[in-house]
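Look at the two complexes coming up: chain A is in both, with chain B in one and chain C in the other.
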Partner chain A sequence: MFSYIARRIGTALLILFGSSFIVYNLEALSGDPIAELRTSAARNRDFLIAYYTRQLELDVPPPLRYFHWLQGIAGIFTGHPNFGKARDGLSVYGEIAAAIPVTVRLVLGATILAILLGITVGVITAIRQYSRLDYSMTFISFLMFSLPIFWVAVLLKQYMAIEFNNFLASGQIGIEWLLISSAVVGVIVAGLVSGDRRRVITVFSGSFIAAALMLLIVNWTNWILNPGMGVLGVGVVVGGIGVGISTIVVGFENKRVLWATLTVVAATIAAYFPVNYWWSSSDMNALNLLWPVLALVAVAVAAAFAFTRVDRGPAIRVTVITSVFAGLFLIIDRLFQTWSIYLNTDGINMRPIPTFGEANVRLSSDNFWILFEDGLLHVVLPTIALTLISFAGYVRYSRASLLEVMNMDYIRTARAKGLSERTVIVRHALRNAMIPLTTLMAFDFAGILGGAIITESVFGWHGMGTLFRNAISSQDLNLLMGVFAITSFLAVMANLVADLMYSALDPRIRVR
Partner chain B sequence: MSENNQNPNAVDAADEERDLIAKETVGLSQGQLIRKRFLNHKPAVFSLFFLIFVTLFVYSASGIHLNWGATPITVQGWWPYTITDIPETVFCDTSVGCPTWQHPFGQDPLGRDYFALVMRGAEQSIVVMLIIGFFGGFIGTVVGAISGYFRGWVDAVLMRFTDFIITIPAIIIGAVIGFRVGNLGVVPLAIYLGLFSWTGLSRLVRGEFLSLREREFVDAARVAGASNRRIIFKHILPNAMGVIIVSVTLMLSGAILLETGLSYIGFGVQAPDVSLGSLISDYQDSFTVSPWLFYWPGVLIILIALSVNFIGDGLRDAFDPRQRRQISRKELLKATFKKPADPTQN
Partner chain C sequence: MKAKRTLRAVAVIAAGLLSTSTAVSVATSASAAARSTVIVNETSAMTSLNSGTPDTNLVTNSDIGYLTGAGFWYYDNKPNLIRNTTFGTYKITKNVANDFEVSYTVNKGLVWSDGTPITGVDLLLSHILGSSDYSKKAGLGDPNDGAAFNSGGYGSPYDSHIKGVSLSDDKYTVTLKYDSFQPDWAIFGPGPAPVHALELMVDGKTKLQSAAVNLAAKAQFLTDFNAGLNGSVKRLKTMGDIWSNDYNIQTIDSKTNPLLLVSNGGFIVQSAVANQSVTLVRNPKYNSGPKLYSANPINKVIFSFVTDGSPAAQALGNGEIDVYDGQPDTATFQQLKGLSGVTVSTDTTMTYEHIDLRVGNSAQSTDPNEPAYDGPFKGNGQKARDLRKAFLLAVPRQAIVNKFVAQAYDPANQADATVMNSHFLLPGQAGYSTVTAANGSFTYRNGTQAQRTAQALALVKKWYPSASAGSKTVPIKMLFKNNSRRIGENLLIGNEAAKAGFDVSNVGNAAWSKKLDDPSYDVAMFAWAPSAVSQTGSNANYQSDGSNNHYGWNDADVDAATHALEGLLSPAQVTAKYLAADKQVIGNAWSLPLYQWPQVSAYSSDLKGIKPGPLVPNLLWNYWEWHF
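Up next is the complex of A and B:
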């Protein structure tokens, strides 16, 4: 195992060496970085040419220059990497260090969301193969496969940002939107159930009425301008999620796990007021968000241990997932409380959804929650756009993978020995079906730092993609190679991690 | 399927399905079977006709332009305007350059006929798609076939070379290439992109060859004295065709998004030539004033990519022998009700 990893890393370094050499020389030979200067009529032309020649080492032939660059990069082994200087004299290392957090903020949420949503929808459509829901989701995922992100982004800006901001002026959902959204909810819920026409119609009208009533209450309480869940709302939502997860993973009849989950819910409710009070203090920072969540996770593990004697693994899984959701909803509730204050802050003026940039520069507040809300709102549109694009791939792959597994003999065996359909799917089929997806996920996570060049350009973010784009158009060799070194290193590592994960998850595959 | 298994008649129903499929497939060659399965996939067939129609429509409207070499070859299409014509701007009551009978897609702020621009962009996208598909498909198949068939050091070298190409993210290659050769016209751009987009396919083909080369029919061919070349191209390749065709169709729809995306950020097709991506990039800001300038290029991209994807889906179903056609409820009912008569006959 160890020699395998060592060998793979050795090969990877060789590959990286080769590809960076080629890219460096291709880029260096593809054009003259100071071509504009040579024909310019500026008085200090000769001085500038000499300056750039010295700074960019243009008098050294590219293959030699490459080794000079490589020498700087090799400093990574001694802890002092030197990525060289960009054209404008700034250190490449500093520029990349500034761009990485921006890019991670932009792409990480979308990647996680796409994986979670994509796998969920893929699994549901595989279980309900050839149903109306399956056909419509197939069509929708093909449509998303075919969407150009720059086109979608413009539509999102218009309809999710500008129109939504206009709508906030009243904050009341119009009757036509109320009917349309209730009908959409009804169609989705009705698509999830199987059965004859009568049952489908009943479910549709039931969920239609429920959704319409919810929206009426939203209108009536002016919830959109002044949202909040309160201790009751958080309790109900987290309780629902906990019971749902425990039903899916271990089944409703497993009362011990159910009690452990409900303990977590009770802990959440008990923690609601103290946590809110603590979070509202003036020295609030991002780290403080984490402690209550960690405390809830600890409660969850303890509860699982206290209530179950055997088969503790699934119990811990259920309670821990529930506790993470609980922490999430505590944060969401706190953000809801900030919403109306945020709307009336200077620089926002009731138009909260931005279409451009990473943060609102006109925001004068130094309150943690206001800034946090501002940052989140800036991520909303890019996240939706990126999720829409990458979601389809996960739906297709997880659906195909699960369908293939469901045709295996061991699934028939599991059914034949009388296991419930839930156990067969969750414990036998799903786990094996997810193995091939690890490769896809490894590559997606490695691709995060590469940045979403087009998305960054549409939404005006200054991350890795923008760096890279500027480097190409201004022929900034050191900057380009800095970005390339990081993305290609991650791609190679993702390849290795995917293979290792594959062999860890599937014992039939051995790495040698 | 999972629902069927819960009811007591599940086994009967599964048997019925199998019988129905057996009846449909008896006495057909592999090619006939694939064609039949493909023709049964209605969205795919519809998409195929639609794509052919769009291609013919676009090409006949905009004509054929080849900027290859010193003398550009141009054949004028049936549409009266070209992308360089600036006809008189037609004013209508709401705004300037809105769609009229004379200019069905409207006119851009310069007064150029937008239908001509969009058709030209679509023409470019289709060319790029086909060229990338051809080069990527060809190289990927050959590399994958050779490395999967010969294994050993040939495989090791070729696969490390593939890894090496994979290391360079597609968008980086595209941007470097597009920015450097984008102004040469769309054909060289597409060729360069094609030279770098075969990696995924070659891995798939290699995997397929690794498993197919162990099969009896390959041994039989070898015993009969067939050369390596003959075994690869006449015996194994036809069996790997399904994987190749499906993967190439996916490559095609990816290619059109890659080209338009590159042109959008300014690294692909350069002005004065137009691409669907550069049109969107130019007119996204006029979205509120003249939305037709924004909608048409996007709609065309989506329609082309979507129909290619559906054709790929149809081909996958047709080539996959494990894929069973869905038996409609009506057919199943018919077969089940006929059943009681059968035992007496046997």
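Up next is the complex of A and C:
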């Protein structure tokens, strides 16, 4: 095992050396870093050309210059790496250190969301293979997969930011939108059920009417300008989620787990007012968001222990997942309450959804919730864009993988034993179906730090992708190689981690 | 069954919603607060408060510097050099051979944003930043190997001609002594710098100081400056380090040293978020330049860093930025046009596209093994002259200009755009019509393009009787960048020149700028980007030893006329010299100008007083006139 890892790291270093040498030289030969200067009419052009020649070592041939750069990087072994200076005079190390958190904020949420959504949809479509739902999800995921992100971004900005902000002037849903969105809800719900035509029509009309009613209530209570769930809303939603998770994981008939879950829901309701009061304090910070969630998780573990005697693992899983959702909805409810205050803040002026940037430049508030809401709203559109285009891959992979597993002999054996379909899928099929996806995930997480070049530039985020783009367009070798060193290192490492994880998850595979 | 369950769930949720909606008070609509904040788009982030070093000399940095600083002059949107008489006056005090003196006087009563008076002492730093001699003498290092002050101002004519600097007794007038007349002396003039703040930072201060301490610091600078003249260095070296590095900050908040923000412009930097925005507020003590508009004033200017093009247009549509300028693509331009409440205007920049023909090897070339140029345009014999003229005649200038100016943003536009016809003046500048009427450019705009191409073919036939349309008799290697603009131009030229028997190469070169001296190319096409208005600005392009003369151009009349431009001339004399030089450049068929690059400005229609200008800081030049 250790010799395997050592061997892999050795090859990784060789690969990194070779690839960085090639990239360095290709980039150095591909253009002229002082092209602009050569056509400028600056009176001291010669001085400036001499300055840059000295600064960028343009008089040294690129293959030799590469080793100067490598010498700086090699400092990593002595703890003093030198990534050099970017052309704007800032240190490459500092620029990358500033860009990484930005990129993580932008891409991490989208990646997790894409994995969760993609796998969920993939599993559902695999179970309902060749159903209307399967076909429509396949169509949608391929559609998203083939859309160029800059175009998706433009559409999102136009309809979910500019038009939505215009709509907020009244906050009342027009009759045409009411009918259209109700119809969309109806189609989706009807797509989920199977059965004869009569049943489908009943479900469609039922959910159409329900959605329309709901939107009417939204209009009537002016909910869009003044949203909130209240203690009752949080309770109902969390209760629904808890019962749902418990049904999927252990089955509705397992009453002990159900009681434990409902205990968590009760705890959430009991905590609602104290937590909201505590969160209203002026020294509120991001860490304070975490404590109620952790407390609920503790309650969840305790409840699972109290209500179950045997097979505690699944029970704890159900209650803990429920409690995390409970914490999430406490936060969401709080953000709903902040919404109307945020809307009326100077600088927002009823146009809350931004089209670019990481924060509103006009906002001069130091209230935690206002800033939190602002940060979230800025991340919403890029996250949607990134999720839309990357979740298709997960849908297809997980669907294919699950279908393959479902045809295996041991699944037939499990069914023959008389296990319920739920147990067969959740306990026997799903776990094995997920193994191949670890490779995909490992690479996606490594890719996070590479940044999303187009997304970042379209949404005005200054992360790794922007650094990369700037480095190429201004022939900034140090900056480019700094970004390249980080991303290529992560890619190589992800490869190794994926292989190790594979062997850990699948007992048939051993690393040697 | 299922539907029933759904209905039940909906009913419960609705009940929950109702119970909350009664608990939360109904939101009041936003009050339409009077607008006083302008958000200006910049395509790149601020990297420094000091745009004076070669590394930080970027548009965003200098734009911020423009709003936070004021000196003896600025460019308007013509672009003309305007004297800022609120700040001070400048004049020639002596002009004899080998002794040329100019004096700059700061008006009394002007103050920095911390209240310290502005005097002539504040102008002296400019000398340190521009004179290699001073830097070497004071032990600050030779700028050619890296000096303590990492200034981008060395190596200019100021550097090579300045002889001395002196301060008047009242300390309000600085006199510069040059070894000869400097035609662009006005813009070589010194700019003010908050030297007391620099001195205080040398002392390690991190807070604003009292008036007395500030004055003492200013006196200290004068002492240090004079000590530098005598070769004493210590404090200045530290100051150079501070000037070169400490201003390079991207985040500005309450922890930032306020001494870094001392300035004398209409606005002062208040805060900055790295790579996101910079916020400027009115400078309450501002009295160094034109008065800020007082009714419905701008109290805050925020520079926001969006990328160019479509994202900026949508941000404008969403009210996230108020002002945009740039060179968007056609789709983005249409998008801008479609926005309501936004004013869109198209203008030109000073950057202009042109086409140059090689005559011989570059005077700048340093490679001793370089082969001699042996292409069709070689030398000044009749054959080369005829072929050069033929080629230029076959360049479809009007078609190119229509495509890249008139139709740049509106492909359906049928109107003819302005073809540039002078190498020395831009359309609209004083004297342009005088020069273009007589400089020989008429040959290249007389008749239709078909007629001119026919003339070209006739000239080619004179030397190659077998030549005909499409005969590819004369191969031409053309140097251009492989971007869409140049590829399009190359295609238009290639197609038209083919009708005159030329065979123009159509492969662009990403590293084109390194190849300007390469004698294997017969033709080069690119753009000059002037950064200032100057009567000698084009000399380096056409003088036989000019640093921008890459094609072995050599003509005694051109040299005489351009050298004459280096003297003190009346505007009419300047125009006459331009004409004399231009006539030869066009007569020798060396080069033809094509067009000025277009640019687009778009801004909220609520904002008044914006007049886009062709030079950096573009539309910011009259920020004091902006108002709602």
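Following the convention adopted for this analysis, the second predicted complex is superposed on the first by the 508 of 512 C-alpha atoms of A that agree within 3 Å, B and C clash if a C-alpha of one lies under 4 Å from a C-alpha of the other, contacts with A are read in each partner's own complex, and residues count from 1 in each chain.
Assume a contact is a pair of C-beta atoms (placed from the backbone, for glycine too) under 8 Å apart; a residue touches a chain by one contact, two chains touch by 3 or more.
This one's a predicted model, so the numbers in the text were calculated from it and none came from an experiment.
Peer 1: Could you classify chain B and chain C on chain A, in the superposed arrangement, as clash or fit?
Peer 2: Verdict on chain A: clash between chain B and chain C.
Peer 1: For A:Val203, is the partner it touches chain B (first), chain C (second), both, or none of the two (neither)?
Peer 2: Touch partner of A:Val203: chain C, not chain B.
Peer 1: In the superposed arrangement, does A:Asp88 touch chain B (first), chain C (second), both or neither?
Peer 2: Second partner only.
Peer 1: Give one of first, second, both or neither to describe whether A:Ser457 is in contact with chain B, with chain C, with both, or with none.
Peer 2: both
Peer 1: Which partner, once the models are overlaid, touches more of chain A's residues, chain C or chain B?
Peer 2: After superposing on chain A, more of chain A is contacted by C.
Peer 1: After superposition on the shared chain, which partner residues are touched by A:Asp346: those of chain B (first), chain C (second), both, or neither?
Peer 2: second
Peer 1: A:Ala491 contacts which: chain B (first), chain C (second), both, neither?
Peer 2: In the superposition, A:Ala491 contacts chain B only.
Peer 1: May I ask you to decide whether A:Gly240 touches chain B, chain C, both, or neither, giving the answer as first, second, both or neither?
Peer 2: In the superposition, A:Gly240 contacts chain C only.
Peer 1: If you stack the two complexes on chain A, which partner ends up touching A:Ile34: first (chain B), second (chain C), both, or neither?
Peer 2: second
Peer 1: Taking the superposition on A as described, I'd like to know which of chain B and chain C A:Ile127 touches: first, second, both or neither.
Peer 2: Touch partner of A:Ile127: chain B, not chain C.
Peer 1: Which partner does A:Gln158 reach: the first (chain B), the second (chain C), both, or neither?
Peer 2: both
Peer 1: Show me the chain A residues, by the header's touch rule, that chain B contacts in one structure and chain C contacts in the other.
Peer 2: 30-31, 150, 154, 158, 457
Peer 1: Spell out the residues on chain C that touch chain A in their complex, using ranges where they run on.
Peer 2: Counting only chain C, the residues touching chain A are 2-4, 6-7, 9-10, 12-21, 23-24, 26-31, 33, 37, 39, 44-45, 47-48, 53-56, 58, 143-146, 152-157, 159, 248, 250, 273-277, 279, 302, 304-307, 310-311, 314-315, 317-320, 510-514, 516, 526-532, 537-538, 540, 547-548.
Peer 1: Once bound in the complex, which stretches of chain B touch chain A?
Peer 2: Residues in contact with chain A: 1-3, 5-6, 160, 163-169, 171-172, 175-176, 179-180, 253, 257, 260-261, 264-267, 277, 280-281, 284, 287-288, 294, 297-298, 301-302, 305-306, 309-310, 313, 322, 326.
Peer 1: Enumerate the contact residues on chain A facing chain C in the complex.
Peer 2: Residues of chain A touching chain C: 29-32, 34-36, 38-48, 50-52, 54-55, 85, 87-90, 98, 102, 150, 154, 157-158, 161-162, 165, 189, 193, 202-203, 205-207, 209-210, 213-214, 217-218, 221-223, 225-226, 228-230, 232-233, 235-237, 240, 337, 340, 343-344, 346-351, 353-359, 361-362, 457-460, 462, 470.
Peer 1: Name, in rising order, each residue of chain A that touches chain B in their complex.
Peer 2: My answer: residues 11, 14-16, 18-19, 23, 26-27, 30-31, 127, 129-130, 138, 142-143, 145-151, 154, 158, 194, 404, 406-407, 415, 421, 425, 447, 450, 453-454, 457, 468-469, 472-473, 484, 487-488, 491-492, 495.
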